[in-house]
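Two complexes, one shared chain (chain A), two partners (chain B, chain C).
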Partner chain A sequence: MSAKAKTDPMVPELMSISVRRKELADTFTIELDPGKAGFEFLPGQFNMLYAFGVGEVPISISGDPAEPESLVHTIRDVGAVTNALSKMKKGDQVGVRGPFGSCWPVGEAEGSDVVIVAGGIGLAPLRPAIDHILTNRSKYGRFVILYGARSPEDILYMNQLQKWRGRLDTYVDVTVDHAGRDWAGNVGVVTRLIGRANFDPRHTKVMICGPEIMMRFTIKELNQIGVSKEDIYVSMERNMKCAIGHCGHCQFGGHFVCKDGPVFSYARIESLLQVRGL
Partner chain B sequence: MVKVEGLDKLLAEHPFFDGMDDASRKTLAGCARNECFDVGDMIAKEGQPAERFYFIRSGSVALEFHTPGQDGLIIETLHDGDVFGWSWMVPPYEWSYDIRVTELTRVTSLEATCLRKKLKKDNALGFELYSRFMPVIAKRLYSARQQLTDMYAKK
Partner chain C sequence: MTTKFTTPQSVIIGADQLDRLIKALSGLGYQVIGPKLEDDAVQLLPLTGADELPLGVVEEQAPGTYRLKPAKTPAYFDFTHGAHTWKQYLFPPKEKLWSASKTPKGLVIDDSMDTPKYAFIGVRACELAALGVQDQVFVDGEFASTPYKERRERVFIVALNCRRSGGTCFCVSQNTGPNVKDGYDLALTEITDKAGHRFVVEVGSSRGEEFLAKLETSQANDTDLKVAKKAVKKAAKSQDRTMPANTADILLRNQESTHWQDVAKRCLDCGNCTFVCPTCFCSTTTDETNLDGDTASRWRQWDSCFTLDFSYIHGGSIRRDGAERYRQWISHKLTHWHDQFGVSGCVGCGRCITWCPVGIDITEEVKALAKGK
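== the complex of A and B ==
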């Protein structure tokens, strides 16, 4: 599998917004029109999105890799650039560089169980992997999607979660950290869902994306039930500038998150995750 | 009426009792009861005496904090294989939250006074039971602390 940035990786390509959708109070999705050639990428890869006059940010691609005619990004408004992107409307232009980085191990996972553990906005970078697995469902064993959010109002892609749950070949469990009585689902941390998901810990690939602290808790729980480090993959976030391994901005120990990541096997970065302040 | 042998079998099927020797489990079964609750039933209310503790065989319950004039705030939901109600071990033996049933729930419960009497006579059984409770309590505490980090909030 390969999908690499096309022309000069430092020059953004102009794309206009074809669809803009509000997902949550602070989160929105934009679909960009990549033109006739489409935009090929691998699940887990990201683009640098440029809001002109404000700046550039790394954002994972969250659409279906089997539908390259639309380039989808789901973004949480947290600061200057993401806020500028949030104000854009249909027809506005965004600069795009990419796709960059490593991908989720959807190829290596064939033949084993697959467990997706997502927290908050972390479901967006994992959605292309979910789409890929569902398109090629017969190549995988048990398929588990575990998702944790802050509250019922913060559940991303609610309709899609319901659709995935409605399939007879996919196990979906969702939990929130806090809820009132009008919520009939689970309350508790996402790690509590792992024990009852009923997958084979020795023949499974786990893909995790969410806040770093949530990934650490999840890995600990997975280790306890016997999933090996080599079978756990995480997506790391660090501030980025060039996205092609030149500037050193995204350095994480001896790795560059933009080039060697953002998806890493836990076995590769275990020691780094335990270093405070890295 | 379920006989003690039947209750012992129900206890043996619950993960909390995995690996417990037959004699200890049979002693505990003497304090056990088989119960079933409908959606919306309140198994316990904050401040009430904690007279029993419960092993969920199937179903789910919500642990809630009660706020005057408002609906309860759910702290955690518990499901098949979970345990709740360890207030029976700690004076003044009162529930510290409400327990509301969120789907048809079958439980086996143990009566606290009966149990405390047996444990006073049989320290080894007490040790066995407390050693099983500690990991459950530690895990719940760890989960509650994770929730406290509010990890999905904007930083």
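== the complex of A and C ==
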């Protein structure tokens, strides 16, 4: 991984918004123009995005790593900075620092089955891994995408999910917590989709991103069907101010989520996930 | 970032040379910082001469207690340390990172900085160890903080061997003091006996050796060295506070102990311990915009893991009660620091004990946890 900052790692690079797209009621995507050099990153890494005068937030990169000419972030409007970013238009400038952190094990997963389990906006940090696997589809075994959202209206990247589901080399299963009568799909928690996905629990890599509680129950279910701890990967979320291991906010036991994570193998953090308030 | 230097023979300077030392450093463009009496405490402030040093002052320190009193001997450095730490100069409490201005061509970022050149007078062994610990955080890792690194590289350090321990000191137990080991330009040991008020000076760098030429020195004799050594030994012996050797493990084994609730009942969540700690490095960022809205600046300022905001993510804070926050602070300092930086985050200075308004003693809490309370 390379630090992009020219002077100090706390100083951002300015990039203009080339595309702004609404995704859901409270979620939007901005595509930034990184210039001729492009913006290389690994699936699962994140950037610190700065909105003029308001502040900085850590946001996962959600574009295709094979297309470095556009830097894509899908953001939920939940705080002061994300709200400021949500109001920006094409041409507006955003400060960018990154890419930071660890990545999904797309290299280690070659030759085995891959299971993606995403909840809500947790699909955004996983999309670069999905893109990478689909681009290099022949290198992997069975490919499973399991996705849970609160309601049909909250399903992120609906068009893409439909496209992936249309492929004959990818198994996609979607569920929602609650829905009206016009919903023909599953209703219930995402863990219920695991048992019937028909992957080989002994030769698979699982990548999970979603609310911590959803990740916990998913791991429990995976353990029961025989997936080893070393083959399960999760992306953790913690408060971050610097992304370079200096501010101390993202500590999770002895780990700095910003540089040791955000992607961890479950084997590394199992004992930490079991204690409340770490 | 310290380099080993073969020490030439120690020399002696008279107490009157302290003034010359301070003025010579100023003359070389250093901003000289050292102990000074202000608001009934020894603080680390800019000095212009030796007459500003607190002569003949000692202090009484105990959990939650700090009081100055006159000393029997008129020495310059027999007090130990107050609430101030050298980190406030190398890692300032509030610092501008950069600013951005709106121009017709878009935003322009200004990240220029003015790096002061400091000389520190009277850096004690525990504090030198603390500087080394902060170097690991800000310089030696994957990312280096440019402003910290520049200030650190320029600083001239006049270290000090303590010949008196404070009431809450436990540097011996943490293996950091009271005698300085390396990482200084010059190191002083004060002597006040019938032969006169003087200092043994050890040289720790070529820069220090070069500087020493500006002072009137004489060869140190065996008696001087013996007296100096004995005084420091006495300081070490006087410490009765100890940190258990297997602290990292004790905390890890007791993550869910009920004792955390017991500490939380006493702890006020004020964050004093984190601000007086010479190694605590947590910070937050804040943004300021000028009134016309055209220029915005980003600031980095000290933060404390004792605030609720510290662990806030959308949906709520991770560490919601005081027990979790105290556990985070002490576990980071004494356990996880080893995972992160290969050393303990505690140098045994005792500041967190003295400046805790309710006198919580980090060493006592570890012992209580060890007993499985």
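Heads up, the rule we're going with is that the second predicted complex is superposed on the first by the 270 of 278 C-alpha atoms of A that agree within 3 Å, B and C clash if a C-alpha of one lies under 4 Å from a C-alpha of the other, contacts with A are read in each partner's own complex, and residues count from 1 in each chain.
The rule we apply is simple: a residue touches a chain if its C-beta (ideal position, glycine included) is under 8 Å from a C-beta of that chain, and two chains touch if they have at least 3 such contacts.
Please read these numbers as outputs of a predicted model, since none were measured by experiment.
Counting residues of chain A touched by each partner, chain B versus chain C, the larger count belongs to C.
In the superposed model, A:Ile213 lies in contact with chain B only, and not with chain C.
Legend: residue contacts after superposition of the two complexes on their common chain; A:Val78 is shown touching both chain B and chain C. In the superposed model, A:Phe52 makes contact with chain C only, not with chain B. In the superposition on chain A, contact is made by A:Ala184 with chain B only, not with chain C.
Residues common to the contacts of chain A with chain B and with chain C across the two structures: 76, 78. Listed in rising order, the residues of chain A touching chain C in the complex are 3, 7-12, 14, 16, 50, 52-56, 76, 78-79, 93, 95, 237-239, 241-242, 244-249, 251, 253-256, 259, 275-278. Every residue of chain C that touches chain A in the complex is listed here, in rising order: 97-98, 100, 102, 106-107, 109, 111, 137-138, 141-147, 255-256, 281-287, 289, 293, 296, 298, 300, 303, 305, 310-314, 318-321, 323-324, 327-328, 332, 335-336, 338-340.
Of all residues in chain B, those touching chain A in their complex are 62, 64, 71-77, 79-81, 100, 102, 143, 146-147, 149-154. Contacts from chain A toward chain B in the complex involve residues 26, 76, 78, 119-120, 148-150, 154, 175, 177-189, 191-192, 196, 210-211, 213-214, 217.
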